[in-house]
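First the structure, then my questions, so here it is.
As written, the chain order gives the labels A, B, C and D, with residue 1 at the start of each chain.
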Amino acid sequence: MTRPDPPPDLLVVRNLCLSFGGLKAVDDMSLTIRRGSIAGLIGPNGAGKSTLFNLIAGYYRPQSGRVVLEGEDITGLPPHVLFGKGLLRTFQIAREFSTLTVRENLMMVPAHQTGETYLGALFQPARVRAEERALRAKADEILEFLQITHVADLPAGGLSGGQKKLLELGRTMMVDPKIVFLDEVGAGVNRTLLYTIADAIRRLNVERGYTFCLVEHDMQFIADLCDDVTCMAEGRCLARGTVETILSDEAVIAAYLGRGRAAKGTGLAGTLVEATP
Amino acid sequence: MTDLLNGLVHLASMLIIPGLAYGSQLALGALGVTLIFGVLRFSNFAHAEGLSLATAITILFTIWLQGRGVSLGVLPTALLGAVLTVPLMALVFIGTDRALYRHFRRIDARPEVFMIVSAGVMLMTNGVIRLVIGPDGRDFEDGERFIVTARGFRDWSGLAEPLVLKTSQMLTIGLAVVATVALFLFLNRTQAGRSMRAYADNRNLALLSGVDPDRIVRLTWIIVAVLSVLAGVLFGLDKGYRPFVYQQLLLPMFAAAVVGGLGSPLGAIVGSMIVAFSELALTFAWKKALAYVLPATLAPEGMVQALSTEYKFAVSFLILVIVLLVRPAGLFGKVAR
Amino acid sequence: MKRVLGPLLLGTALSAAPAMADDLKIGILFGFTGPIESLTPPMADGAELAMKEASDSGLLLGGATVTPVRGDSTCTDASAATAAAERLVTVDHIVALIGADCSGVATAVLNNVAVPNNLLMISPSATSPALATDGDKGLFFRTAPSDARQGELLAKVLIDLGINTVAVTYTNNDYGKGFADAFGAAYKAAGGTVTLVAPHDDGKADYSAEVSALSVAGGDALVVLGYSDQGGNGIIRGSLDSGAFDRFAVGDGMHSEKLMADFGPDLNIFGTVPWTEGDGTAKFAAVAEAAGKAGDGSFVRESYDAAALIILAMQKAGDPAKAHEHVMDVANAPGEKIYPGELAKALQILKDGGDVDYVGGSDVEMIATGESAGSYREFENKGGSFETVRMLTAE
Amino acid sequence: MSRTPLLFAAMAAVLLAVGLLQSWQLALTILNLCLISAVMALGVNVQWGVAGMFNVGTMGSAAVGGLAVVLISTPPVRAAWAAGGGGLLAAGAVLLATAALAFLLWRRMGERSLWRGPAVGAVVLLGLALSQRWFLPATAAIEAVDAASAGYLGGLGLPVVLAWAIGGLLAAAVAWPIGRLTAGLRSDYLAVATFGISEIILAVLRNEEWLARGVKNVTGLPRPVPFEADLQAAGWVQRLAASLDWPLRDTASVLVKLAYSAWFLAVLLIIWWALERLARAPWGRMMRAVRDNEEAARAMGKDVARRHLQAFVLGSAIVGIGGAMLVTLDGQFTAGSYQPLRFTFLIWVMVIIGGSGNHKGAILGAFLIWFVWVQAETAGLWLAQAGAAALAPDNPVRLALEEGPAQLRYVVMGLILVLVMRFSPRGLIPETTPESSR
């Protein structure tokens, strides 16, 4: 690794605002994600996490504020353009391409395939075959990495919820993304698979230098993976810092549990971690 | 002063009254389209055929009533026939729903699937109408045809321009207003109407709060039956019944509903008036009206017609296209993603 | 799907049953579905009357019978009409065809079926001027005259009545357009003024816009070149209701006494219609009445005449395949005049080697282009029914 | 998988049966229309089966394809060009300039300017009004040239087969702006908009006489095959007829129809080959992904709106080619004959029944439905007779049945459509995904 060091801040979100009707869903929100980190975004239901996520990923246009990726302003660009710039996302409820096989789900991802154009598909069969071979090899490698090779030829619609999440993660690996946003990757996934997913994320981060941003409810998951954590409430940034500082932050605990429980001094990490085996 | 009066009478007689009547007929049809869209979530291609079938049945009832010597005096007997037709049409609609649409609702099919099925229903209804009444046109208006006749008005007012008001036009406008008000009262003031709106707004939420979906669907089709019978019969009275003319109403009704915003009853009415009046006004020859208003030296020589009449129905689509460009959800529609 | 195919195949097999040796089949290709479906059943009945007459006489080609076979031209879909005609020719082995009814499909059937199969074709109602110029190889005739001639006559009628300014509306198809063009040219040449020519589409929902434009343009009368049970009816209704016009000049498509039933016996309407003086019409009406059919619909007489001409031409030729060479002979002088109901007499004359001059219900007189020269009558409404003002012949 | 060849064999057998029991001419007439319908069905299948777009404007594309035959293959009417060609070109130039100016204004004035809409609207209206100064006299002059047989500009006098390709291109060119406008819309709006736009296209074709004679029709179009009369005169045909022991006339007629079939089959095979190839290529994979989940496809970098537009244009082009071939087979362009029932809904029935998404299915559906459409009359007669026999002689239903067997067509089509949607929504030959069938 002898690359010249690029600036450490990969994605910078500045003063983002969006309101629906009279309700401020995201209110002057700022966020910085360092290159090579795993950032976490937490907050109680309705805190505006998903909205912020969708703002960054190009599904809504902010009313004011900026999103900057590696110094380039990407505010309000549509998702397929953001994909081209290396910003990828997964969905809270997995969105697989159900009639495609698992392998096809992966192979469709890379952009600029010769076989996606009319002329290429019709008149450059050799080139398309070569590209397909390469894509297939890459897809198989990813399937192996995620340990789901056995379902490669099944239609993706038949996978279990957790497998679909893995598949979504796998799709992001088909290209070399700068940053991947994972929307509640642990929701509705059984424990065993959750460990597989967490393991995959960590290995991608360590071995391949991926940058992640996780929106998550599962505190154990956050605690295990994240370097920095930001907590949102009512559309604003409530607190940020390392996992430990956030999980013991008074304001965060109050936001999660209401003032009554916070006064009794029950630690947030404590209550939630208890539930995990 | 006489000139101005003449001009006004000319406009009223040639533009405003026909426009209101046509707009009301469209509105009754478009309300049906928009209700089906709002509650059942699809564009019903068979709607125009439904209007035609309703009118055909009404005509048969009317002939039967006339045969028994029943009449409404100055009003057309068909109004009585229409009352008899409503329950029959409601049964037809609910039966179709039971046999077809319900299945697709259960499997949560895509809206396109509903549209394709409704196209199939359209083709079948087309054949059924031929069986019921045959392909010939029918004139079934009886009673007094005019409230104000051209000659009567000229003699009474001494103006050069005639004013005409037909019973069917008055009935159309009046009944359209009554039906609309009744529909709004129903939707806003009754428990059933409110649950229908709730169901239309958010199906899952409504189901959670205990709304019986089958009942809502039944209710919708009954209202659609009332609207269809009214729209079809009033149109037939005004323009004469020809079974397959109603197909030509489908596009303007759709255009009206889309311009107003699919799913919005108020939009359907405003949209219908916009479509009807722009069709008439853009193809209207303003020469005479201008000649009455302007001094003689400025009076136009040409017809002063924005668009020749052969393109009149293109007008509704021009409006449609502009609305889709500027405000895709329609004037009163909720902005969907 | 196989359950659908079963009856289909069975149906085709049934209709392919072999014909009797002395049974001649004549096809009737009309639009039994489509825009003029309300006109076609009486037309087909009219044609079948003539066939029955010939069969009953027992005089045709040594006692042959004539059987009609109907096909659906749809009036608009050239492909479906071609397929139906192909079926009539190759499956039912018709010897001649009556139809097609509408000019567009008639052209398609003529070029795609009749010419390749050397089939005689007589249309009772395809009146488009364009049909006269087609390379029909002498196979195509029509008992209705081209609209171009009627347009000239209608113009003359208006000028003679002293009506010098009119608004014109026509049904937006080849019939209406051709008629309106011919009328407009002749009317202007004779010194008349046309204030506005506005087409109307048949089967539309609303004609307020057309009526108001015509009304503003103004004129002493409104010339309506459409169909009495289609848009033409709507235009008259709208004009009367709004007081825009109260005087209407019309062509043959609007010649229907149902208009007075709809709009009252005082309707001020006049116009031209292909007609025959007295005898032919009355005799056809009697023939139709005796058979319990309606005899006064549009093109019903022309349909009867088309069938009669085919039958007589076959008799004259002695061979159904050569009938087309003799249509002109039996339609025109010299020879004894033949009216509806007299087919037996005509067949006997021809059998004996004589000549006939078929007049029929529509005063058939063929001109060189294979269409009826047409004598016309100027008619007007007198108290609820049409009366003849005078007879007109095109030069 | 073994079902597909079986179904096609059954279809072939049915057509053969028509040939044997009825006549070969009829069988070939039906076959030719089946082939053309199959091309149109493939076009609709690209839009609906592949891209999931509900386009109800098929009729417009077919008509535009037909128009191309007139514009390309008929001889030019020089007198008409002389009378009004210049004026027409001037009007065209004004319109082009207007469009350019409007586009520039739209670009320059920026989104926030309140005046943008009115300004652009004013420019467009002014340009339209200005162009009328040349347009109206020019068209009047053109239409006055030999009105009964010409009265239009005519075409370029090029070979008619070339016109098929141009028909496709022209349909694509018309579809592109429509697609731009509607491809992003919700399905209901897309349906209503395309339905209406196709009617507008037809209104233009019916009323603009200088273009293709309007309702007066263009007849006697050139054909890519010899005339029957010429064949009857040819020695080899006479020998063939003698050796087959067929009437000369039938032989020539069958030969001509076979020649048409060969042309149409060639076009159908080329289009089918190309579409199959696309479906198996990454293009097909991508389109299925887009259809499965637009949102996720967008997140994976696919420009969904552009892909929809592509499929819309491609499908319209294919329908246009079919429309051009149909006009060639009919030998005439009749603007009045385009009806939504025949050119939109019938094609839709074909696709749905065959199996949307599967090109083989669309072809089979086209064959089957056209066959039923044409033969429904014969079968309807038979059914009516059978049905009527069971009813009392004065039963109104029986009378109606006896009067109009041809009208059963619509009921049969509607019934088939509804039954297939209800009980076998994937059609006769369901879609298969290439990867999973390996």
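The rule is short, and it goes like this: a contact is a pair of C-beta atoms (placed from the backbone, for glycine too) under 8 Å apart; a residue touches a chain by one contact, two chains touch by 3 or more.
In this text, all values refer to a predicted model and were calculated from it rather than measured experimentally.
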* **Shared chain contacts [subunit B and subunit D, defined touch]** => C
* What is the touch distance from subunit A to subunit B, in steps? -> 2
* Which chain maximises the distance between its CA centroid and that of subunit B? -> A
* Asked: By C-alpha centroids, what is the most central chain here?
  -> D
* Asked: Which chains touch each other through the most C-beta pairs?
  -> C-D
* Structure fact -> Distance in whole angstrom between the CA centres of subunit C and subunit D is 31
* To do: Could you put a whole-Å number on the gap between the CA centroids of subunit A and subunit D?
  => 46
* Counting in whole Å, what is the centre-to-centre distance of subunit B and subunit C, each centre being its mean C-alpha position? -> 37
* Could you give the separation in Å between the centres of subunit A and subunit C, each centre being the mean of its C-alpha atoms? => 75
* Structure fact -> Residue ranges of subunit B touching at least 2 other chains are 134, 310, 313
* Structure fact -> Multi-chain touching residues of subunit A, meaning two or more other chains, are none
* To do: Pull out every residue in subunit C that's touching 2 or more other chains.
  => 37, 172, 199
* Asked: Chain pairs in touch?
  -> A-D, B-C, B-D, C-D
* In the complex of these two chains, what residues of subunit D are touching subunit A? -> 274, 277-278, 281-283, 285-286, 288-289, 292-293, 295-304, 310, 314, 433, 435-436, 438
* So in the complex, which bits of subunit D are touching subunit C? -> 10, 14, 17-18, 21-26, 29-30, 33, 147-149, 206-207, 214-217, 219-220, 228-229, 249-250, 252-253, 256, 326, 329-332, 334, 336-337, 339, 342, 368, 371-383, 403-404, 406-407, 409, 416, 428
* Complex interface listing, subunit B residues touching subunit C -> 13-15, 18-19, 22, 134-137, 139, 146, 149-151, 154, 162, 164, 166, 235, 239-240, 242, 244-249, 252, 279-280, 283-288, 303, 305, 308-310, 312-313
* Asked: Which bits of subunit C are touching subunit B when the two form their complex?
  -> 37-38, 172, 196, 198-201, 203-213, 215-217, 229-230, 233-234, 237, 241-244, 262
* Asked: Mind pulling up the subunit D residues that touch subunit B in the complex?
  -> 48, 52, 54, 117, 181-182, 185-189, 191-193, 195-197, 199-200, 203, 206-207, 341, 345, 348-349, 352, 397, 400-401, 403-404, 407-411, 413-418, 421-422, 425
